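Just below sit the structures, each encoded as structure tokens.
In what follows, chain A forms one complex with chain B and a second complex with chain C.
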Partner chain A sequence: MKMEAFNDRNVADNGYFLVDIEDYPTDGWGKFKRVVKRSFRGELFVGLWVVMREMIRFDIHTVQYPQEKMPIGPRYRAVHQMKRLWESDTERCIGCGLCEKICISDCIRIDTKIDENSRKEVSEYTINLGRCIFCGYCAEVCPELAITHGGEYENASDQREHFILYEDMLTPIDTMKAGKQLEFEGFGSITPHEDERVKKTPLAY
Partner chain B sequence: MSKIINFKIDGKEVTAQKGETILQVARKNDIYIPTMCYISKTSPCASCRICSVEVEGVDGFILSCNTPPTEGIEVKTNSQELELERTNIMKLYDVNHPLECGVCDKSGECDLQNMTLEFGVSQQEFSAKDQHRTVKEWGVINYDPALCIMCEKCVHVCNEVIGDDAIDVKFGGYSSSIIPKNADTLDCTFCGECIAVCPVGALVSSDFKYSANAWELSRIPSTCAHCSAGCSLEYEVKHGSDRTQNANSIYRVKNNYEFTTLCGAGRFGFDFQNSAQKDEAAFNKAVETLKSANAIRFSSMITNEEAHILQLLKEKLGVKLFNEDARLYGEFMSAYSSISGKLHHSGSLDAIKQADAAIVFGTRIATDNPMVRYALRTASQHNGAKIVYAHPMEDALMKNTATQLMKYEAGSEEGVIALLANELLQNVDIDESSRAFLDDLDLGYLEAESNIGDDELKSMSKAFTRAHKRVLIVGSDLFAHSRAKNIAKLVALIEKYTDFSLVVVPNEVNTAGVSLLCELDRDENIADVVGYNAAGDFVLSSLKEADLAMPALNQVEGSVVNVDNQVLPLNVALAFDGYNLNDLANALGMQKENTIEYTKELSTAKGFKAVAFDALENFYSVYGEDVRGYLLDEVTCEGDGKIEEVAELPEFNGTVIYHCNPVLQFNQFTNKTKQLEKDTTLRGSAQFAAAARISDGDEVEIRFASKTIKRLFKQDDELKGTIALNPSFDMTADFSQYRFEKSKIVRVV
Partner chain C sequence: MDTAYLIETIIKVVVILLIFSALAGIGTYFERKILAFMQRRLGPMYVGPYGLLQVAADGVKLFTKEDIVPTNVVAPIFKIAPVITAATAFMAAAAIPFFPQFTIFGYTVHPIVADVNIGILYILGMMAVGLYGPMLGGMASANKFSLLSAARTAAVFISYEVVSGLAILAPIMMVGSLSLVDFNNYQVGGISHWIVWSQPVAFILFWISAFAETGRTPFHLIANDHEIIDGFGTEYSGMRWGLFFIGEYANMFFISFVIPLIFLGGFGDGSFLGAMGLLAKVAFFFFFFLWTRAAWPDVRPDQLMWLCWKVLMPIAVINVVITGFVMMF
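Coming up: the complex of A and B.
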């Protein structure tokens, strides 16, 4: 398309036309006439008839929310999920703090410490969903694919504190045991041909 | 004398001073040569070989870190061969290096990470059978041999700069590691400098381990508030995750290890902050009390600005100011000035580092001021400095640094300095009255009473004959000595007529500043004394128990004067919600919004500059220049003092107590910290135990002339003689009295 069409401001020549609008009534008698005219034209029943007709046909096109929900794309950014490792069922998060650092609405808080096995343990992890703008940076920066966005977009509660619970985000252990943890398929996830692309460490000693 | 060598690096004409290496010259000229094991403040480790360069006409590579250039050579820092060599070295470093960057404490500031990325090592061709290596826990230091790349920086620093010489390399090819020297576990002063220099996460602070990452911490440059060295440091703070009190806390302390050193008290003793809310009732009471107070007693752990406020309060309210520590130091320095004709001593820590001869006198320096000890160690290792350690007690920490121990009797300091002056000024042209003083000395009496032999003085002179950068270091034993003024005059005499530069080591972080800024009164036992971090009828304190809580030195802005006479800025690492001294001053009629508005008003007559606080820099340049605060201007004054006759030397017999802190402890603030060891035992030798009729582990009562304290006795085999060490960091002793005290020791049964 050429730019002329946009630059041409002569609207009358491009299929636009003026709608013939009656003048507004100025006196009481005129207003009364307009009310009578509109009321007895029967336009109201046109709309009612459309609704009636569709009701009788039972041909429903709308999604029956909340019984029915639209499928969510794998990259949809709703409430975060904390994933577990397939091998050991332990939490994937290693406490590197990158999500906390990158978070532009400053809603992630993480505390780490050394545990009894001399490993790094995440002692506290919270996301204030009341502040979160669901930009997805935390999931993108995560080196372990531990934090991802899930499809859970129904977050309404009567308590603000309900929006920061780590336990709600973490894959429940029974889901994990059942092998039903959904893997994230968005940015940074394992691609199908990953095995062929890996540079192997030489072990010829 | 200095010879200049002209040569070329990458085609650029450069010049080197005699003794400089190619790497040093390159760095000075902003030419980049990668290094892994090089550290500016030690001799080259030469273990990484990454700094290899090519020299035209010479076969093979040359290590730029330890090779001095010769006239006219052409150095090439980059070529394909060098690139390959360096990349291969990096690959070898990466062999079996654990891929735990995500959790490693060093990640984000790791030299191995940086250099691996710099050389683009993305694939490994080398391999070695991995070994099981366990993490070693050495108190506040953790060592993970699996992460260690054997750069040997820690060993060099420990030996050359600190002087502990506590760690060593266990050679064994691929299974080499760092081990405690001649011991099963690490036994050292725990300065933690090895942690600072470690380029990877092998040596880490056990308290900090896994608690935060480099990228999460904000750095606040400040000055260490524990002793008079005033070391540069950075507090690293992060918010806690506790939402109810979303306050920051200090996670660790770091230093610019390339050019500066930090002792363990600075590195591990950072959590001495105070916390309080605004208590209006207490504040009003404090204001009322100050209005009717007779005196303010305070410690020297305050900033120059606060000292200035106190002086203004004195002028306004007519209160007296008590601070025995700074008063005695000030009197010592004014006696010094009366001979030298200037306000400030001439030496500095840098002068000690560059010295080739030094006398340490009247201070147990390794614990009084670790930085002086490190500087002496550097001088001894790098310049082969002859160091005379004159003190009534041997110090195991100075054993491998000092070349001559000059052991004198406690209390005989005046005689010792007279003997030293007599020896050092022998063939020097000095003024008549001083010469007459020296000629009149009864050397036989002084030598007999101070227990310093003529041969000791002669051997010192002999060792010093070829030295031309000499330093005299004097310290806190002298300030409260009954003959302090005359000692100061003799010290000044040595500085004035010889090439000795003088370092007077103040007791506390800002003793020097307080003594310059306040007109102090002699402490007396009167009513209505307001104490500021000191005893009083109404106590303002940044320690625990106080009538009005005050911020600690890591919560205030301000400046302090250190041993180098350098005015150094302190910054706010942690917020303090309560009131501070400036609020009190404002309530009493002064009008400054912030304490730091006083910075530019500090007395120029004492050498301070009219510089605003915000104009004070606080960093080291990439070339290692100290750009922190400013040096006090030299101020001349009248030098019309007369040296008095040496008084009769006192005798200290029987069980003598020396008030002396264990390593890493200085005052009540270090006593408050979590990580520093708090050893409050009385430590004495077997001889002392026999003399006092006590044995190891006994609970004893120490009776001094004025008071009695209780201690656990610990027999220390490193000590000798009948003098025992009593820690004073828990305020069993202050700086108002001579540090050696006669005592009666009684076992508590």
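Coming up: the complex of A and C.
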């Protein structure tokens, strides 16, 4: 369909027409004729046929939920995940704190320290899922593509303030070793064909 | 009255009670499944294979639920009302010949509890008494929706008994008897002898009023879930509600027996094939109750009254008059 169909606001000559509805009868004879017509036109049997046809066709649309699940989009924003680097299997998070800063519902808490190699290390990282609105800003702002959204939407908890820790979100090391870490395609991720769109930084001014 | 007759009758009563109580449960399973398939759903799937044991789960739930009698209800009437519905439904079954007579161990069994000579009158009367279940239940509940439902029950039942009575009058005039066994014997000659060919109008009218008297979908306004919650059943829970339920479904089965017996040849010549034919007809009429529920909308109470008094009743009267003239000349 072309965009014209949406942009053209002149509905008058666009295939719209008034449905031909007869005036309601006012006198007794007219009402009687209407009753007779409705009784013998067989509309009730149309309804019966429609449901019978669907039963014979047996095109069931039920998804038996716990056993079957509908596929969700790769951009779906559910519970967060922490990714690892493909090269070294170490954590991508550098502890910059941008996600904590941008979080509009203020649900991310990050605490960092300097480890024995004089590198910044994340010591505490929690997300309060009771407050999180899954807006995706944290994933978008993350410079390292470290925090992303995952597809896990079954979050039953016995209290509203359901926290999720860094260790829960981090890709398990054996999954990483097996090369099964999935990249997030939503906010903040690299768009397809990014290589072709990269331009040289203009250094020579 | 000898002892053998007494024992035989008691056995028949118990068998009918057990079979139709169980059938009421299985009927709910079929209703859920068929409605689901017609709406592209699966229906009950989890309890047992293909949800077959859903009936058992429902039964356990109904039996073990607390028997609540709410405040402000008229307790004795509130308690007796569901019993009236279930009891009258089963009492109506006494005059229905479910099968042709058969011989077992040299003993001839008539599968009818009481072949009284006023059979149809008794069945219609018993189903009419069934109106007191919803009506008393609705009036005894301290609930406006139940009261509305009670008023509707009274209006619908009384109106449609006129239609069903007048509709059935023409076949009765032809057969000259009120016993359903005589009706069956009148049509014993095969399909061409069925009363439906000579009384098609009466057949349609009786069928329509069967929907009203069982309170099934086109005329489901007695307990219309989307308007008046559950009508007379709103305040009920547990097995008291279950009795209403069993009564409704047993009624559906019994009326599905009565329609073929009167109009469609019943069990025919009494052979095994004829008996199976009767079961097939009953199955069709029961299925039609579910079919219409999936397909048709409900009518308003005033439309129902209009249909009864201004359309169906005059047609029924004209039908009786024409039948009388044809028989006279």
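Just so we're on the same page, the second predicted complex is superposed on the first by the 125 of 205 C-alpha atoms of A that agree within 3 Å, B and C clash if a C-alpha of one lies under 4 Å from a C-alpha of the other, contacts with A are read in each partner's own complex, and residues count from 1 in each chain.
Please note the rule applied: a contact is a pair of C-beta atoms (placed from the backbone, for glycine too) under 8 Å apart; a residue touches a chain by one contact, two chains touch by 3 or more.
Quantities reported herein were computed from a predicted structural model and do not represent experimental measurements.
Colleague: Which partner does A:50 reach: the first (chain B), the second (chain C), both, or neither?
Modeller: The second partner, chain C, only.
Colleague: Which of the two partners, first being chain B and second being chain C, lies in contact with A:58: first, second, both, or neither?
Modeller: second
Colleague: Counting only touches as set out at the top, which of chain B and chain C does A:159 meet: first, second, both, neither?
Modeller: A:159: touches no partner chain.
Colleague: According to the stated criteria, A:111 is in contact with first (chain B), second (chain C), both, or neither; which is it?
Modeller: first
Colleague: In the overlay, answer first, second, both or neither for which of chain B and chain C A:35 touches.
Modeller: second
Colleague: Answer with first, second, both or neither: which of chain B and chain C does A:90 touch in the superposed model?
Modeller: A:90 sits against neither chain B nor chain C.
Colleague: Looking only at chain A, is it chain B or chain C that touches more of its residues?
Modeller: For chain A, the partner with the higher number of touched residues is B.
Colleague: Common interface residues of chain A with chain B and chain C?
Modeller: Overlap of chain B and chain C footprints on chain A: empty.
Colleague: State the interface residues of chain C toward chain A in the complex, per the touch definition above.
Modeller: The contact residues of chain C facing chain A are 34, 37-42, 45, 291-292, 294-296, 311.
Colleague: Flag every residue of chain B that touches chain A in the complex, lowest number first.
Modeller: Its residues touching chain A are 102-103, 107, 122-129, 135, 209-213, 215-216, 239-241, 243.
Colleague: Could you pull out which chain A residues touch chain C in their complex?
Modeller: Those residues of chain A that touch chain C are 35, 44, 47-48, 50-52, 54-55, 58-62, 64.
Colleague: Inside the complex, what are the residues of chain A that reach chain B?
Modeller: 94-98, 100-101, 109-114, 118-121, 124, 126, 143-144, 199, 201-205
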